[in-house]
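Two complexes follow with subunit A in common, the first pairing it with subunit B and the second with subunit C.
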Partner chain A sequence: MSLLEIKNLHASVDGHEILKGIDLTINAGEVHSIMGPNGSGKSTLAQVLSRHPAYEVTQGQAIYNGKDLLEMKPEEAACEGIFLAFQYPVEIPGIGNAYFLRSALNAIRKYRGEDEMDAIDFLPMFREKLKLLEMDDKLMSRSVNEGFSGGEKKRNEILQMAVLEPKLAILDETDSGLDIDALKIVAKGVNALRNSERAMLVVTHYQRLLNYIVPDFVHVLVDGRIVRSGGKELALELEEKGYVFETEARQAMLA
Partner chain B sequence: MITTTEQLQSYLESFSEFMKQSPGRDLAWLRKLRQDGFARFCEVGFPTTRDEDWRFTNVSAIAKSVFHLADNTAGAISHHEIEAQRIPDAACRLVFVNGRFSAELSSFDTLPSGVEVSGLAAKIESDPSSVERHLGRYLNTQRDAFSALNTAFAGDGGYVHVARGTVLEHPIHLLFVSTGNSSDSSLLMTHPRNLIVAEAESEVTVIEEYISLDESVSFCNAATELVAGDGATVSHYMLELENRNAFNVSTLRMQQGRSANVSSHSVLLGGALVRNNVHPVLAGEGGECLINGLFAGSGEQHLDNYMLVEHASPHCGSRQFYNGILNDRAHGVFHGRIIVHKDAQKTDAKQTNRNLLLSDNARIDTKPQLEIYADDVKCTHGATIGQIDEGALFYLRSRGIEEASARKLLLSAFAGECLDRMKPGAARSHVERLIDESLASFLQSPATASGEMTLCERELSWEEVG
Partner chain C sequence: MSSSNLETIRSLAEQDYKWGFITDIEEERVPKGLDEKTVRLISAKKNEPEFMLQWRLKALHHWQSLEKAQAEPTWANIKYPPIDYQEIVYYSAPKKKVNLEKLEDLDPEILRTYEKLGIPLLEQKRLAGVAVDAVFDSVSVGTTFKEKLSEIGVIFCSFSEAVQKHPELIQKYLGSVVPHTDNFFAALNAAVFTDGSFVYVPKGVRCPLELSTYFRINAADTGQFERTLIIADEGAYVSYLEGCTAPIRDQNQLHAAVVELIALDNAQIKYSTVQNWYPGDKEGKGGIYNFVTKRGKCQGVNSKISWTQVETGSAITWKYPSCILQGDNSVGEFYSVALTNNYQQADTGTKMIHIGKNSRSTVVSKGISAGHGQNTYRGQVKIMKGATGARNYTQCDSLLIGDKCGAHTFPYIEVRNSTARMEHEASTSKIGEDQLFYLRQRGLSAEDAVSMIVNGFCKRVFKELPMEFAVEAQKLLGVSLEGSVG
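Up next is the complex of A and B:
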């Protein structure tokens, strides 16, 4: 059984249709990359899969781990093992990072019928993950993402992913705004989490990230549809020829 | 409903009765103070919304009801009923039942020398000259009918005196309990009058807490005169937790000496119609004043905060921070008035009011008012009105936290801004618990608009430097 099976998925926001029939199957252990020009629906797909309430699914289905993903609330999807690394992580003044992350972890553990983790058990595990992402633990006593640099915010997303250990991690333009050093640290963090149980969906505009997080499959999303799928070499081809080529090919196909 | 004449007649009867049996009724100065207060009340009457200071708060529900003073039979309550309000580590607890001091329910455990705490009525009887030195010297009865009315009926309340250089680590807890369990079913009014005197270089924390034991309608009109001597550090807490039928008007008048540091923390969680007046006068050079508050209303609650910050001396700083959370059809008001007198050069005054509206029918009126007569001052003010940040809510939910818990976390974070300004200790822990319980009740009727969330933040801000 596949971990995620998306069939003919259509989604709109404020009445505008963004996704116009997506088909995608992801198996445990695989890393898929979604590439495409701005406005093609990459982020929308990521948001729909993490169940953002602003996006309305108008057609199609998404079966995750044998369950209807589209029936789930965001928190249920998270507890079932879906994690979204945000393109623009949100600042939340007044809620401490470490406290937030422990609350999230315990919400998920509770959902799964596991015991909640107290601060004493949480801290050593947390420190370990901080080290992986080369993050200063001073950041953790601050409010969630408040006053973080762009790079710190992105690393914080991967830190959360490392702590919450999802089954399906969706990375939404995690590379945008990162310099090469930060990109390497983020990629190292992501690669450390790759295993045969966990799948990843890496949404990106540029091929650069895929040098560090090497995908098994690459899909090209144009105007709400996947127009081409292939192996990691497809990313290199796109880098060379650009999305214009894909867009034109698609238009030619439709005509 | 009654006419103005009937209303005055009713207060006159209460006043005549009160003058016959009030504490210190034979003291000429006190008789005059009360009579002047009553005369002033009769002259001005209850304010209307035509009065600028009451534009957003209609007190006709108070004006049109007939209230009586509690008689002596009131107060048959047990320790058990007020157990939940016990503050661990409080230096002492004074309990007032329907405005009257109850020695049985009060406890004085560990008061160090230099600290005197008693009921005001007892102090008036035993040592009137100490009371005379301060009582009625600061509260402005000319401006406000409620202060005048309180002065007319000034009889009992908390009396706190801290001698020069004395530091009291633990808070003094003044608990005002209203209960309808009196001999008849008429509506009760109380006029608690508190006098807090912190002599030079002393340090003290006083908590005024107002609660109800049942759902009866009551009118509590409290006034507190707080005198902070030179270099004194005083923290004052006003906690309004009465039932949803209660009218509560309170006035805190703070007089600050040279380099005195006073913090006022108001937490309004209960009551039907609440008016919270905070009026510090920075009378000595180099004084610092923090005016911090949280008001959280739901249902039909009306919570009005009227700040009047008077800078009367140079080099003083004042900081006002009020956060409001309003749900259902609740109505909040923040009126922040700052007066910088002619000689108060180098004044640094700041005012911030932030509000969260949780429903379409909740309302906030926020109004700054700056009057600056000096020419070298810094005054800033700003207000924001917003809703729960839906982006933050989704972020929390996407990490596995259920919607109700996520909302609670965001509300607690917003309220936490006020808690962070309180010194860690027994008082803050107590307030933290009360806020936590109150916010939990906000989520019993969660906004169900999760399908169609709109993010809207309106920000209004004014800057004025001159």
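Up next is the complex of A and C:
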């Protein structure tokens, strides 16, 4: 059984249809990349899969781990193991990072019928993950994302992912706003989390990230549909020819 | 904002009032209405010395002249129908069989009430930490730890008892911070107040217990007019907590209290309130009118007074816990969380009056509006001519939940000394869909997500509360406090 099976998925926001029939199958252990021009629906796909309430699914289905994903609330999807690394991580003033993360972890553990983790067990595990992302301890007693630089915010997303250990991690433009050193650290963190149980969906505009997080499959999204799928070499081809080529190909196909 | 998030916010904002039960006890009450007879009756019932009666009568006459001149204040940003002061019962007390010498003599019904509220008075005797004075309707029904405190010279008792046993202190300090001429409701209170708490901490004593008063309005059609007087003598320290609840009733009930604090040289008073009077129902029917005058005087050098309040109850709140910073190097602080939902209205804030040299004040106000709630911050910072080197920092933040509520800010700043340093920061924010989604995506339920955001918003104020009160405040706001991590 696949981890995620999406069939003919249509979704709109404020009455505008953004996704116009997505088919995609992801198995455990695979890393898929979604590439495409601005406005093609990449981020919408990430948001719909993590069940953002602003997006309305009008058609199609998504079966995740044998369950109907489209029936889930965001917190249910999260507790079932779906994690979204946000393109624009949100600030929560007054709530410490470590506290927030332990609350999230315990919400998930509770959902799964596991014991909540106390601070004594949490801290050593947490420190380990901090090291992986080369993050400063001091950052963790500060409020969630408040006063973080763009790079620190993105690293913090991957840190959260490392702590919450999702089954399906969706990375939404994690490379945007990162300099090359920060990009390498983030990629290192992501790669450390790759294993045969975990799948990843890496949404990106640029091929650059895929030099560091090498995908098994690349899909090209244009105007709300996947127009091409292939291996990692497809990303390089896109980098060379640009999305214009794909867009034209798609228009030709429609004509 | 999407409908599911709004739904959650609504349900959270509309949590039921859990303290709305009525205790069935026999009451002794005076007839409705207010005139000289009422005042004389109250004074006689309390067996007061002549100076008290005269003081009350002076206040009554002043209030009557104000009422005649229709001088009930109208400047606050609140709306309510005219109050008929002749329809209020000004004295109601549980009938007691014997003179209360021991807490065990209390009416068991009242004891059970306080247990339901989470304050078992008898239990309190065994638990170290908090000494409680409980005020039921108009009278004080029991003070715990009295003997223990008296060993170190701390007087903590009901106001009535203080009038009997320490008239010299009452005569010296009563009305010295809030005179009966201060305002309409202060005049009313001075005329008819029935009980309250009294604290005196002698020179150099650091009160080892948190002192606490729990106010409960039970009887119908009564007003509650209590008066609290706290004096910290030179070098003394005291931390005082105040909690309030009332049953659910359809009629509005008036609560017009006065609190006076006096800190002498090097003394410190910390006054914390968790106010949860019945706020009225979802349509805005019923609830307490909480029209309260609270003021502290930093009379001595290096003295300090801190007000911390978490206000979630009352149909209407009108209160401005203030500090008169008279002593050189004196410090005034005000930390406030005010939550209004459904049709609640709050016009609250503080006054910091700088008179002494190098006096400093800090104001941190957090207003949360949900439902149709209207929340107003009104603050005054006044630097007098002689207050060389005075400093004030004011931070005033509003959080809006939903799209039918309102937040308003009226800061008044008056500076008459050019060496003063003033800072004022203000912000208004809305719980955004993005914030909510972020937390939910990490596995937190929508309710927990809202709680967490609100809790984070109030953190600066919660940090100022004594531990057990912080827990209650957190429960009241439906939030979970931060653990030891982070």
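FYI, the second predicted complex is superposed on the first by the 255 of 255 C-alpha atoms of A that agree within 3 Å, B and C clash if a C-alpha of one lies under 4 Å from a C-alpha of the other, contacts with A are read in each partner's own complex, and residues count from 1 in each chain.
Rule of thumb we're sticking to: a contact is a pair of C-beta atoms (placed from the backbone, for glycine too) under 8 Å apart; a residue touches a chain by one contact, two chains touch by 3 or more.
As the structure is a computational prediction, the values presented were derived from the model and not from experiment.
When the two complexes are overlaid on subunit A, subunit B and subunit C occupy overlapping space and clash.
Once the two complexes are laid over each other on the shared chain, residue contacts for A:Y111 go to subunit B and to subunit C alike.
Of the two partner chains, both subunit B and subunit C are touched by A:F86. Once chain A of one complex is fitted onto chain A of the other, the partner contacts of A:H52 extend to both subunit B and subunit C.
Contact with neither subunit B nor subunit C is seen for A:M1 once the two complexes are overlaid on the shared chain. By the touch criterion defined above, A:A98 reaches subunit C but does not reach subunit B.
Of the two partner chains, neither subunit B nor subunit C is touched by A:I180. Of the two partner chains, subunit C is the only one that A:F122 touches; subunit B does not reach it. 50, 52-54, 73-75, 77-79, 83-84, 86, 89-90, 92-95, 100-101, 103-105, 107-108, 111, 143, 160, 164 are the residues of subunit A that lie in the contact sets of both subunit B and subunit C, per the superposition on chain A.
Residues 50, 52-54, 73-75, 77-79, 83-84, 86, 88-90, 92-105, 107-108, 111, 119, 122-123, 140-141, 143, 160, 164 of subunit A are the ones that touch subunit C when the two sit in their complex. For subunit B in complex with subunit A, the touching residues are 389, 391-392, 394-403, 405-406, 409-410, 412-414, 416-417, 450-453. By the touch criterion stated above, subunit C contacts subunit A in their complex at residues 2-5, 432-435, 437-446, 448, 452-453, 455-460, 480, 482-486. Within the complex, the subunit A residues that touch subunit B are 50-54, 73-75, 77-79, 83-84, 86, 89-95, 100-101, 103-105, 107-108, 111, 143-144, 160, 164.
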